[in-house]
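Both of the next two complexes hold chain A, though its partner changes from chain B to chain C.
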Partner chain A sequence: MRILVVGGGTGGTIVANSLARRLSSEIREGKAKVTMLSASHRHMYQPGLLYVAFGQMMPDELYRDQASLLESSIVFEVDPVEEFMLDRNQVRTAKGKIHEYDIVVIATGSRIVPEEVPGLAEGAETFYTEEGAIKMFKSLRNFAAGRVGIVVGVPHKCPIAPVEVTFSLHDYFRSRGIRDQVHIKYHYPINRIHSIENVAKWARPEFDRMGVEYETLFNVSEVDVEHKVVKSEEGTEYEYDLLISIPAHRGMEAIEKNELGPDGWIPTDRHKLTMEGYDNVYVLGDTTNLPVSKTGSAAHFEADVVAENIASIVKIGAPVTEYDGKVYCFIEAGHDRATYAMFNYLNPPDLKPASKPMHWFKMSYNKLYWASVRGLL
Partner chain B sequence: MTTETETPRAAADSESADFQRLAELARIVTAAQDALSDEMVARLASAFGEGITLLDRLTRNEGLMHLLHEIDRPENQRFLICLSDAFTKASRDISASPPAKGGVVGLCRLGCNPGTQEGLRLVSMIGEHLSENMRELHRRGG
Partner chain C sequence: MSETKIIDARNTFCPGPLMELIQHMKKANVGDTLELLSTDQGTATDVPEWINKVGHEMISTEKIGEDWHIKVRKIK
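Then we have the complex of A and B:
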């Protein structure tokens, strides 16, 4: 059985390692083979970018060599897939190599598209890339007083990021002793301050306590960089001195170019995690069009299901389990408190008050992530 | 559990002791909160994460597991003690001997020593078995 994993992010790495463990005897006997094709030889811990933007982590702490995270029995190649020939069970890579498979796992992730809003890329800071996070930190360091706007595009990776960055801004300016000279205004595209209702209910009194102003139904239409004004499709606008953006995301270009799904999101069976119409094509992480958060934790729980099912297909010829939509998100409520949201397709999250031990749990997870992608946690 | 002979006072005392223990636990948590910093928590988590990764690699390493199995056998344990003992004696002997003068005469004198001959025979026997094992390993595609 030839199993091909396309993408070396959180989901792809966990699924490959889990398969290598579950199928160790089959791999040794030559009955199974796991190959990973990735776009990079490095693996980034993406949630760490928020800490980089506030000077709490250095960029080099976010990276590990991808090969060092993989089981030695996995064939790893840095050669991204450019063409998916799903009807022929083949992919073609950037180097022109054809890989044949019996089962393929597509875990290519997502990308930011700030360029889709005029002026957003030039006028706003963002922490979704390493360069962006460093630039945002330098802008924050140089900021002494004025109006800070937070704007959100949809869909975006890490649904909690808008409220987390707002809490962090409050704590950052407070620690510098200039909070009273900074006006923070949070803008959100729907008619409440967060897409998850219970997160909105929890965050609203926190915003009130911190003196953060908020405006809902604010879909960014344009950023006037010259006059420092951000405008919404709804007709309102905000004059800013510093603009922080959570840019909208799309699936990777290869997915769009191969027309596997609108905007690069692949239509996926919400329980089986197979691509609609293909029983031997599994999809996980940001790449799916599932109604769950685009987070590392969703990718992790999906990867466990995909690996268990592929292994059981190899061993007994049938999948054995289903994905229930589970997501677990830490929520940093500033620089020293945190809480979490756990939910699935049926049960909404029930947020507990933020606490320091939860913040430590999150701090710990930042380091335990590397054991997690190896498939140990 | 309250029995018929137990007085309400004893039950209240027991409850009070439980609360006191809870308060002590809370004080320990508070003390940990005051003593630890984000940096310390991150370092501890990092050490734990790397530790379990290392442990995982070691426990799934077939060669190491085979080695541990061999070390479990009493005859191998006796052999290791014997080896350690030999190294200790050799270390002591070499420190007590004068430096070798060199030359063919010295080599002949050394070759005539029965201990040297025993040693050479042992080393050549080990070499013979080792080369047989290596040949077998390559035959099996190792």
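Then we have the complex of A and C:
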């Protein structure tokens, strides 16, 4: 059984490692093989980008060598897929190699597309790339007073990031003693300040307490870079001195070019995690079209399900479990406190009060992540 | 001919039904009809609030069993 994992991010790495462990005897006996194709020899811990943007982490701390995170039985190649030939059970890579598979797992993630909004790439800082996070830190460091706007595109990965960056901005300017000279305004696309109702209910009084202004039903239509004005589809606008954006995302270009799904979001069964129309194509992480949070935790729980099912298909010829929509997200709340949101398709998130121990747990997880992607947690 | 796109956001909490609708509205063509499915009671008021503010068209809001079926049309 030839299993191909396309994508070396959180989901791809967890599924590959889990499969390598579950199928260790089959692999040793030559009855199974796990191959991973990735665009990079490095693995990035993406939640760390927010810390880089505030000077709390150095960029090199974001990365580990991908090969060092993988079970030794996994065949790993830095050679991204350029063409998917799903009807032939084949992919073609950038180096021109054809890989045949029996089962493929597509875990290619997502990318920001600020260029979708006129002026956004030029006018706004973003911490969603290494380069952007470093640039944002330098802009923050040079910022002495004025109006800071936060705007959010749809869809985006890490749904809690808008709230977290707002808390971080408040704390950062306070620590520099200039918070009273900075006007912070948060803008959000729907009619409350966060998509999760309980997060919105919890965060709103916090925003009031911090003196953060907010406007809901604000979907960015354009940024007038010359005059420093961000405008919404809904007809309102905000004059800024510093604009921070969480841009809209799409799936990776290869997914779009191969027309696997509109905007690179692959049609995926929400329980089986198979691509619509293909029993031997699994999809997990950001690149699914599921109405589920695009987060590392969702990718992790999806990877657990996919690994268990592929292993059971190898061993007994049938899948044994389903994805229940589980997501678990830390929420940094400022002042060294944190809480979390845990939910699935049937159970809504129920937030506990923010606490210091949960913040310490999140700090620990920034290091434990490397054990998590090895499939050890 | 305009197409009706079904957006199944039933039993989801994040990003949630309205955010899913906004995402699909961005990509729809003018004249397209979108039908949002949701199990969240709030969607029945959230969607018209946004549609009216942004300037698209509300077609209908209907509850069938446990599910809300909300049809809107992209106007601009």
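Assorted remarks:
Simple rule for what comes next: the second predicted complex is superposed on the first by the 376 of 377 C-alpha atoms of A that agree within 3 Å, B and C clash if a C-alpha of one lies under 4 Å from a C-alpha of the other, contacts with A are read in each partner's own complex, and residues count from 1 in each chain.
Keep this in mind: contacts are C-beta pairs under 8 Å (C-beta built on N, C-alpha and C of every residue); 3 or more make two chains touch, one makes a residue touch a chain.
A quick note: this is a predicted structure, and the numbers were derived from the prediction, not measured.
With both complexes placed on chain A, chain A has more residues touched by C than by the other of chain B and chain C. Applying the stated contact rule after C-alpha superposition, one finds that A:Val75 touches neither chain B nor chain C. Judged by the touch definition given at the top, the superposed model places A:Asn191 against chain C, while chain B stays out of reach. When the shared chain is aligned, chain B comes close enough to touch A:Ser364, but chain C does not. Once chain A of one complex is fitted onto chain A of the other, the partner contacts of A:Lys356 are limited to chain B, with no touch recorded for chain C. Legend: residue contacts after superposition of the two complexes on their common chain; A:Pro262 is shown touching chain C, with no touch to chain B.
In the superposed model, A:Ala94 lies in contact with neither chain B nor chain C. In the superposition on chain A, A:Leu376 makes contact with chain B only, while chain C stays out of contact range. Within the complex formed with chain C, the chain A residues making contact are 154-155, 159, 189-191, 195-197, 217, 219, 233-235, 248, 262-263, 291-293, 325, 327, 341, 343, 345-346, 348-349. Contact residues of chain B toward chain A in the complex are 29, 33, 36, 38, 41-42, 44-46, 48-50, 52-53, 56. The part of chain C that touches chain A in the complex is made up of residues 7-9, 11-20, 22-23, 26-27, 42, 46, 49-50, 53-54. Those residues of chain A whose C-beta lies close enough to touch chain B in the complex are 56, 336, 356-357, 359-360, 363-371, 374, 376.
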